[in-house]
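These are the structures in question, set out in turn.
Two complexes, one shared chain (subunit A), two partners (subunit B, subunit C).
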Partner chain A sequence: MAKNKSSIYFGILGAVTLAFGIADLIVTIGGDSFTWGILEIPADPFRGGWGGLIVLFAGLFYLAGSKNLPEIHQLSKVVMGSVLIWIVAGTDIFAMITESIPGGGEGGWFNTLEGFFGTYAPPYAPAIFLLPFSLVVIYCVYRRK
Partner chain B sequence: MTIQRIITLLVLICLLSPLSVLTHAAEETTGILVIAHGSPKESWCKPIRELVENVTLPYPVELGFLEFVEELGDYDFIPEAVEKLDAMGVTRIIGVPLFISSSSGHIAEIEYVLGLRDRWPGEEDPLQQVDTEAEIVLTGAMDDHWAVAQILADRAAELCKNPEDETVVIIAHGTPNETYSEGWINSLESLAEQVKLKLRHFKGFDIEDVRYSFIHADETVYPDLMVRSVVENVSAASDPIVVPLMVSEGFFTRTYIPKLLENLTYAYDGKALTPHSNVVKWIELTASREFSDLTIQIYDEDELLNISIEEVGEYHGHICPCVAVAFRVTELAFSEEIWGGIPHRGDVKIVCGHPSDGHEETFDYILNSPDDLMMKKGDVDLTKDNYVYTFMRKSTGDSITVEVNETIFPEGFFDLRKKCKAKTATPEEIKTFKLAKEELKESFMFLPIDKVFSPEAHAVEEIAQEIEEPEEEAPNVVGGAIFFSILVIGLVLLLALVYGRRKAR
Partner chain C sequence: MKLNVDERWDLIDKISKEVVSYGKYEHTLKDALGELSVKPLAGIPIAIAVLYGFWSIFSSFAGTLWTDGFMVKIFDEHFLPWMQTHFPGEGGWFYYIVVGDPAADNCFEAFGVLTSGLFVAIGVVLGAILIFYLMLTLLEDVGYMPRLAVLIDTVLHKIGLHGYAIVPTILSLGCNVPAVTATRILETRKQRFIMMTLLAIFIPCGAQLGIMEEVIPETMGVVVLYLIVGYFIFGFVLNKLIPGKSPEILIDVPPYQMPTRRNVRRKMWMRTSGFLKVAVPFVLLGCVIVNVLYITGVMDWLANAFGPLLTQWFGVPKETVGPLIAAFLRKDLAVAQLSAIEMTSYQMITSVVLVSIYFPCVATFVMILKEGWKELLGSLVVLAVVVFLYGGLVHLIGILAGVA
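== the complex of A and B ==
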């Protein structure tokens, strides 16, 4: 039963991830970034283009590995999908961290508290939303051990 | 020995050739020759001479008559006027024929006199040709220019008493020559339409109609366009206001037209186009179009850029009045007298009181730095006060503020604009507004710069305060703090998990 649940979970996650990847690429080709509430799909070649391609492949890995998950080769595909999400989300978070510390062009050396927290404010790229859901794979790996 | 001579010659040529270019450049001077028909009566010639004296152009201006002024003594024929320009060292002469129509045998005669045509077009004895080395360019005649339409509208407005029951009849000389008839008819049709629009929407006279007629035309082909026929026809349903389309007052305006309309009832004062400031304006615009070099120089680091108005127009999509005025005001600010040298990109800041794409894209193209441009917000209710510009030199803090002269805007321009922008304008009002925009564009592009702009005493700070700075959105601190907390908690949990597993081992 648990085996089925995890397969369904990563199947759904894979479909959503794939959809975000395609959306990323379409928005990048369109040239104008897209914002909907707290979601932002960037249109720049790095975050939208490269990031979209990585997210798209993450979705494919999830979908490919979701069937018969306890099998080591299948699990490794799902882990690979999560790693790809972590790379994209990690670069986004790293960018936020580096951006949040220094002050602005006409300000002091360090950012104000308001400016610091403001850097972490929404909207966020799709990979950030996928990040917490991708962490479930860690539980699966530990459980298998 | 021969080789040495050739080398010496080549060296000399190399050394002297730039000098010849410089000498040639220094010699190149333009002169303006205003050409009028002429009359044995001084009362006809004098107003023309007086208005030519009021023409303001950066080059010498002379007046030459085609014929009939020999008895007056004090008035020059074309060859004498050209001689005067020659004596001033002019190498290029721009001939501006102060004639009603380009479709006239007189224009062919002028071309012959100026040496632009080999054969004398008339049957009588040819007139004396000019003897000059200067290059000569002849512009078109007045035809259907808006400045002429404005004069006719002004003349008609002076005679209007009950506009709803009145029809304006423009009377032109015309021609019986079939070759030129079409040109006259096209011009007069256009002028009549412009006068109607100007009277109705610039001056607020709800005139019934504007018609045109000819004194001389082929009566068998155009019986309905003959003066008496048109005025009689109009009289049947309306009160005619008769306005002559003549350069100056003389035999036609004082004697011939009243004789043609004998026993008819009509309003008429016999006023011709001169004297009127729009004739001066037409001469200035027509001549300027020939010699104007609408180019701005600015340094982009070490590279000297020559930016033409055509390039800017291409960037914006077309040359509209906003592009034209933004370009000319930049030309004024970057002039040697004001800027004192060629400006550098990055050292210029422009504050513009007119919120339009044409202005923004023109300044943007010239400066190539959006941070150095401050545009006022809003759009619908513009007035002449929006045409105010401040140019600042960032390195020294010097600045100049200029505004567009109020007199340049056609009457009622801003009211029409408001209606068009609010989409409440009638099709005729839209047509009038388009016409007004074309007038404004031409005035901005070609009128002498001191007639377009005047320095304004606005303090720079005052202008800058009027400009709404784009509001920076306040950062979403709460959202950011929540996300940051999740990140930190997640990291702590991850570390705890890893540490816990290690300890369990």
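== the complex of A and C ==
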């Protein structure tokens, strides 16, 4: 039963991730970034294009690994899907951190407290939304041990 | 006691039965992940993701945080005005060499030894090198680099190299000097020559990448694309022209592992200190030489002499001759100098490509010479041909695309 649940979970996550990856690429080709509530799909070739391609690959890894998940080679595909999401989301978060510390052209040496926290405010890129869901794989690996 | 062959084998069987235990080996998750990263279908997306992460962290740290976040402010708003006001002898040649242009409002334009020289070395290059070597060390110690070597082996065989050539190639993205030494891991003279020539011509060092990220962030991708295409085109040609063998390799791929802090610290220190010892003196010396050439009028003479070639064949302004001379000392310095010359976006792309391919910096030059004068001479001949042909081709592409 648990096997089925995790397979279904990563199947759905894979489909959503794949959809986000395709959306990233479409928006990048379109040339204008897309914002919907707290979701923002960037249109720049690096984050939107290459980042979107990696999110798409992550979706494919999830879908390829979701069947018969307890098998080690299948699990490794799901883990790799999560690693790809961590790379894209992690670098997005790192970019926010590096932006939030300095004071900017007109400000002082360091950012104000308001400005610092303001950098972390939404909207966020798709990979950041996928990040918490991708962490479930840690539980799967832990449980397998 | 003397044993015949059968008795020896019996003895071997007996000993092995006592000391070797047999069992079923069960694949671990690490093994499965390791296998996944060397299979092309899965390995290429993983390699793209790793390089994406590498570049993203490099540009966020070196560009956004280090240079734009703090160093530009320190140098342009405080250090440069202070030097311009307090350094004695404004208008004199010594002032011009040390501080540079007294009317400049940023360190890229001033071009003095203690203004632009220090800004390039500390304000831009140091941050870029620190983060580059940290990332590279982590990739090496985690165990990803041998997997990348396996993955790219087939592609590199097309240009006469093999998977291990990825080590000098990636090292070269930090600094060409250790990369030239690393070409010794290649087996034949042919392979070493191809690798040395390609890295001296087509691979920009970390310092140059850091400056490019600062000066031409929008068009940097095009410059890098031109360099990658050139790397493979001329690698393919060299492989066809140069006699010699390109043997296969057997790579021992270690399991993925956690890097140890001590190892990372030691590698970082060794590489960064080695780089700074080579880079900083050459950056400062480069500023002195370029300024002296300007003061004595040699630079104007050179600009006029090479003007027709630069403007007609390469399609760049004749003032580019200054950066091209500086590029012999430091390519990062040359790119910084290019930013002060007025030109179109495509001329800037062509100029940066030219600066990259036109000559190895003097430190790389010395390292190639250490490997053998024949190698150096051969590399220089190839280089002259490549600059002329590829520089002209980049201009031609611009004309055909209607941007040059």
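The rule is simple: the second predicted complex is superposed on the first by the 145 of 145 C-alpha atoms of A that agree within 3 Å, B and C clash if a C-alpha of one lies under 4 Å from a C-alpha of the other, contacts with A are read in each partner's own complex, and residues count from 1 in each chain.
In this text, contacts are C-beta pairs under 8 Å (C-beta built on N, C-alpha and C of every residue); 3 or more make two chains touch, one makes a residue touch a chain.
Source: prediction; values computed, not measured.
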Problem - subunit A as common anchor, with subunit B and subunit C clashing or fitting - result: fit
Exercise for the section: Using the superposition on chain A described above, determine whether A:114 touches subunit B (first), subunit C (second), both, or neither. Expected result: first
Handout entry: Partner chain in contact with A:16 - subunit B first, subunit C second, else both or neither
Key = neither
Exercise for the section: Could you look at A:76 and tell me whether it touches subunit B, subunit C, both or neither (first, second, both, neither)? Expected result: second
Exercise for the section: Answer with first, second, both or neither: which of subunit B and subunit C does A:53 touch in the superposed model? Expected result: second
Practice task
Check whether A:136 is in contact with subunit B, with subunit C, with both or with neither, and answer first, second, both or neither.
Solution key: neither
Problem - Greater subunit A contact set [subunit C / subunit B] - result: C
Handout entry: Partner chain(s) touched by A:26 [first = subunit B, second = subunit C, both, neither]
Key = neither
Exercise for the section: Considering only touches as defined above, state whether A:122 meets subunit B (first), subunit C (second), both or neither. Expected result: first
Problem - Shortest span in Å between Cα atoms of subunit B and of subunit C, once chain A is used as the common reference - result: 5
Exercise for the section: Across the two complexes, find the residues of subunit A that touch subunit B and also touch subunit C. Expected result: none
Practice task
Under the touch definition given earlier, write down the residues of subunit C that touch subunit A in their complex.
Solution key: 27-29, 31-33, 35-37, 42, 45-46, 48-50, 52-53, 55-57, 60-61, 64-65, 68-70, 73, 221
Fill in the blank from the handout: Within their complex, subunit A touches subunit B through residues 38, 93, 114-122, 124, 132, 138, 142
Practice task
Would you mind writing out the residues of subunit A in touch with subunit C in their complex?
Solution key: 45-47, 50-51, 53-54, 57, 60-61, 72-73, 75-77, 79-80, 83-84, 87-88, 90-91, 94-95, 97-99, 101-103, 109, 141, 144
Completion exercise
In the complex, the residues of subunit B that touch subunit A are 475-481, 483-484, 487, 490, 497, 501
